[in-house]
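Two complexes are shown next, each including subunit A; its partner changes from subunit B in the first to subunit C in the second.
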Partner chain A sequence: MATLTIQNVKKSYGAVDVLKGIDLELENGEFLVLLGPSGCGKSTLLNMIAGLDTITDGEILINSKVVNDVHPKDRDIAMVFQSYALYPNMTVERNIGFGLEMRKVTKADREKRVDEAVRMLQIDHLRDRKPAQLSGGQRQRVAMGRALVRKPEIFLFDEPLSNLDAKLRVEMRTEIKKLHQRLGTTMVYVTHDQIEAMTLASRIAILREGEIQQFASPQEVYERPANMYVAGFVGSPAMNFIPATVVSEDNQLGVSIERTANGERSSVFLALPDDLQDIGEWVGREVILGIRPETLTHRSDAEMSQNKRLQPFDCQVEVLEPTGADTLTYIELGGREVIARVNPYNTSNPGETMAFMVDMGKASLFDPKSELRI
Partner chain B sequence: MKTNPMTEQSLPAKRPLSDWLRWNVAKLVVAPTFALIIFFVYGFIAWTGYVSFTKSKMLPTYSFEGVYQYVRLWKMSTWHVAMENLLVFGGLFILIAIVLGCLLAVALDQRVRAEGLLRTVYLYPMAISFIITGTAWKWILNPGLGLEKMFHSWGWESFSFDWLINSDMAIYTLVIAAVWQSSGFVMALFLAALRGVDSEIIKAAYLDGASLSRIYLVIILPTLRPVFLSSFFILAHMAVKSFDLVVALTGGGPGNSSIMPANFMYEMTFRRNQIGLGAASAMMMLATVMAIVIPYLYSELRERKHG
Partner chain C sequence: MADIASLPGGNSPWRSAGRFGLYFLLLSFGVYYILPLIVVLSTSFKDLDEIRNGTLLSLPAEINLESWRYAWSEACIGVTCTGLKPYFWNSVMMTIPAVLISTVLGALTGYALTKFKFPGANMVFAMILFGCFIPFQVVLLPMAQSLGFLGLANTVPGLVLVHIVYGLPFTVLFFRNYYVSIPDDLIKAATIDGAGFFTIFWRILLPLSPPIIVVTIIWQFTQIWNDFLFGASFTTGGGQPVTVALNNLVNTTTGVKRYNVDMAAALITAAPTLAVYVLAGRYFVRGLTAGSVKG
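The block that comes next holds the complex of A and B.
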């Protein structure tokens, strides 16, 4: 177990700045997920933590000790690679034990630890096979076994599940989560899959073009995204972005949104919750209202009377997309296509006007220019 | 099937021909070259094989005489010298070229600067024919012209390098020249294979605590087994065939000390009017190549079958 601190770490390849000053701080036993699109520098950062790539500027500390110049093998880090990187000419057993062999662990001890690892990963029947004789999922387990036996201070995973099929991916995701709960080791996990990030992480760092957009718990990232990029990246279907104007009505701040109801174009006023009442300087200005589809649904008067933050409005339905559990209802607000998640038994037909309510307590407001959260 | 009776009736004869053409066009294209190969390669192998069992001298005769020529051949001390030379030359040449080529490839794999230039420099000798290589090395190794004279003119008077005119050492000059010519090619083979190795495997080995030499010896080189094999077979057949290098560099001499089977065969067949004996020596060379190639093909085919 270890703490990991990354201070203003930069990386350039020639004139290209791949990482532009990364700051992260991990507690003992945390599970950090680095989330970002392809090419944003996730693998680069992971390789630098492992010591496989040089650091252009900044410091990496493990257990408060600067490790910039420490050789990878002395960092007590194990890594699971995207391509699994198994040694093709060695059996599963030797693959797993190779790290111990290099560290001069005695044969008996080595065998015991390899034994433990293959049992834990349920691959003991495969121990004499070569990697070429394994399926993708089995190779994945061997790669994990190789990391496990070393009992490292920190585990690094570079998109370990991206080569597996959908079903296996979900299974392995759960296993990794269980593994973390059992071992309690600090882990850093790279992915571009936001669902993996949400399910596994104790904290998520969202990267974009070498910069951290937000570093927070999954819940916080989901409910209070730091900017429109994060808001759009996390969640499926994605958050709705609605152009709106901040207005004051009856001494209450709210947003005014254009929409069509009963065949007419008109504005609707949605009051902002108490914690957003202090944005007086925005009155009369444009903002972007961010609403998650599941906070926008059919109106229920019983619920509305209990929760003041639920705001009603009517709107014409454009398209319905049933998914089974919910029906995704497409409406148009402020000139944008917006998705609402509606119970299948409460939908209206396309072209009809339907009564909605939105939980403004879970809404986000963004500055349309800087795209930052207000 | 009676879906389209009109077309079936109107094209009764044309259809089969165009179909036949479509299925057989590939065979038709290959057929001439196939026939030529059958005749000029395998046909002449068979002819040579037959002639080796006759008493042909200047002109081929066709009366069967059994293994007479083979017995004669194996009684000749020159043939023994040639076979021993093949063994020494082939063994050293293959071993040194592979080791050197492999080391060069590993060195170049470290992302050295000017790699493109170095690769060309090492590979370039392969583009030269053995005749040129032999002639160039004859000048370099000639005591009166090349290295020895150069060191003497630099003031190292005692320096002596006379392998070319030393009948015990002449065979090794062939090794030097052949290695010079071929190790760059072996390097290119290995380098291409090394570049194909997943870089994550090397990273994983680093994290596992293996040193660079360990990584190459224990992890990477074992995966290059096919490249070792192909280099071995390419070099082995070059060794058995080597004829022009000997002609250009040592001329088989001093005496017959650096003669190789191919030179022996040429000498007997075309100079000394001993076609039967030459054919027998050619068949022995074929047998040597077979002894190498057949196990290779066998292991390859078996591996393919086992997946």
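The block that comes next holds the complex of A and C.
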């Protein structure tokens, strides 16, 4: 187990700045997910933690010790690669034991530890096979076995599941989560898949063009995204962004949104919850209202009477997309296409006007210029 | 897969005619190419009387190995009448170290150029590659000076050095292009596992290399064994490789031209490259590449 501290780390290739000052701090046994699209610098950062890439500026500390100039083999880390990177000429057993062999662990001790690892990963029947004779999921397990047999301080995962098919990916995701719970080792995991990030992480760092957008727990990232980029990247279907104007009605602040209902164009007032009542300077100005599809649904008077943050409005339905559990209902608000998650038995037909309610307690407001959360 | 020959409408007379034409053509070319070998082989088994009285294409009445023995141990090369034997061993002593050393160096250089990239690695590779296009004749004079300077002129080790230097661009090219296709992640994984430069080369990369090693050895062996120009330029007398000796054997005439000895000598000279191709070529065809690089 180890702490990991990354202080103002920068990376440039010539004139191109790949990482522009990353600050992260990990506690013992945390599971950090570096999330971002390809080319955001997340794999570069992981390689720098591993020591496979040099650091242009800043410091990386493992257990409060600066490791900038420490060789990868002496950092006490293990890495699982996207391509698995199993040694094709060695059997599963040799693959897993290679790191121990290089560290001059005695043969008896090595065999014992390889034994433990293959049992834990349920691949003991495959130990004499070569990587070419294994399926994708089995290779993935061997790659994990090779990492965990060394009992490292930190595990690094570089998009380990992206080469697997959808079903296996979900299975292996759970496996990795179980592994983390059992071992309690600090882990750093790189992915572009927001579901993997949400399910695995104790904290997520979202990167974009070499900068951290937000570093917080999955729930916080989901509910209180720091900016529109994070809000749009996490969650599926993505958060709705609706242009709105902040107005004051009956001593209460709210947003006014254009919409079509019963064949007529008009504005609707949605009151903001108490914790968003202190944005007086925004009155009369335009903001972006961010609403997750599941907080926008068909109106239920019973629920509304219990929760005063639920705000009602009517709107004309454009398109329905049934998914089985919910029906995605497309409506138009403030000139934007908006998705609402509606119970399949409460939908209205396209063209009809339907009664909706939105949970403003879970809404986010963004500055349209800076795209930052208000 | 569907059997193309058994598709409906596939057996028309036109098709049969086409097949006949194709096989006829293939057979003609086959005969055309095999004929010289048959003539050389059959002539080497005849005695001089039979050569004089028979036709070129007639087969030998009996297998007579006398001319082979003569070419191997008695024929005169210039003024020394020792047969090809000492020169054949010269060639062996030259080719084997030159092939092995240039292959090992090529593998190491290819590995360093792809997996331990340093600034300017591509530039270095481009310059090495340039060596492939330098004609033999251009390097003759500087090479002769270098050999003289090193005191290796007119020796087998001198020829070994020449062939290593001249072969390196090719072996580097082969190994570099092969190693480029091996994923870098393998090297990263091994680095984290604690393996160093040579351990990674020896334990990870070399076991993946047999296909390209076979290609390189066949190429280098053929090039070096068959070389005539370097041998003729840098050696005289006892230090000559067998190709130069063969030339001198054929050109040394005392009285009657012994065609059977010339033919046998030519076959003796060509035998090793043929053998290497027949033996190692099998590995080539077997396709050791199948699935070996897939991690």
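What we mean here is this: the second predicted complex is superposed on the first by the 374 of 374 C-alpha atoms of A that agree within 3 Å, B and C clash if a C-alpha of one lies under 4 Å from a C-alpha of the other, contacts with A are read in each partner's own complex, and residues count from 1 in each chain.
Convention: a residue touches a chain if its C-beta (ideal position, glycine included) is under 8 Å from a C-beta of that chain, and two chains touch if they have at least 3 such contacts.
For clarity, every value in this text was computed on a predicted model and none was experimentally measured.
When both complexes are superposed on subunit A, subunit B and subunit C clash. Of the two partner chains placed around the shared chain by superposition, subunit B and subunit C are both touched by A:Pro72. By the touch criterion defined above, A:Arg139 lies against subunit C but remains apart from subunit B after alignment on the C-alpha atoms of chain A.
In the superposition on chain A, contact of A:Ser83 is made with both subunit B and subunit C. With both structures placed on the common chain, the touch criterion links A:Thr353 to neither subunit B nor subunit C. By the touch criterion defined above, A:Gln7 lies against neither subunit B nor subunit C after alignment on the C-alpha atoms of chain A. Legend: residue contacts after superposition of the two complexes on their common chain; A:Ser202 is shown touching neither subunit B nor subunit C.
Applying the stated touch rule to the two superposed structures, the overlap between the subunit B and subunit C interfaces on subunit A comprises residues 47, 50, 52, 72-73, 77-79, 81-89, 98-99, 102-103, 146. On subunit A, the positions that touch subunit C within their shared complex are 47, 50-52, 72-73, 77-79, 81-89, 98-99, 102-103, 131-132, 139, 146. Within the complex formed with subunit A, the residues of subunit B that make contact are 198, 200-201, 203-210, 214, 219, 222-223.
The touching residues of subunit A, when paired with subunit B in their complex, are 47, 50, 52, 72-73, 77-79, 81-90, 98-99, 102-103, 146, 150. By the touch criterion given at the top, residues 183, 185-186, 188-195, 199, 203-204, 207-208, 291-295 of subunit C touch subunit A in their complex.
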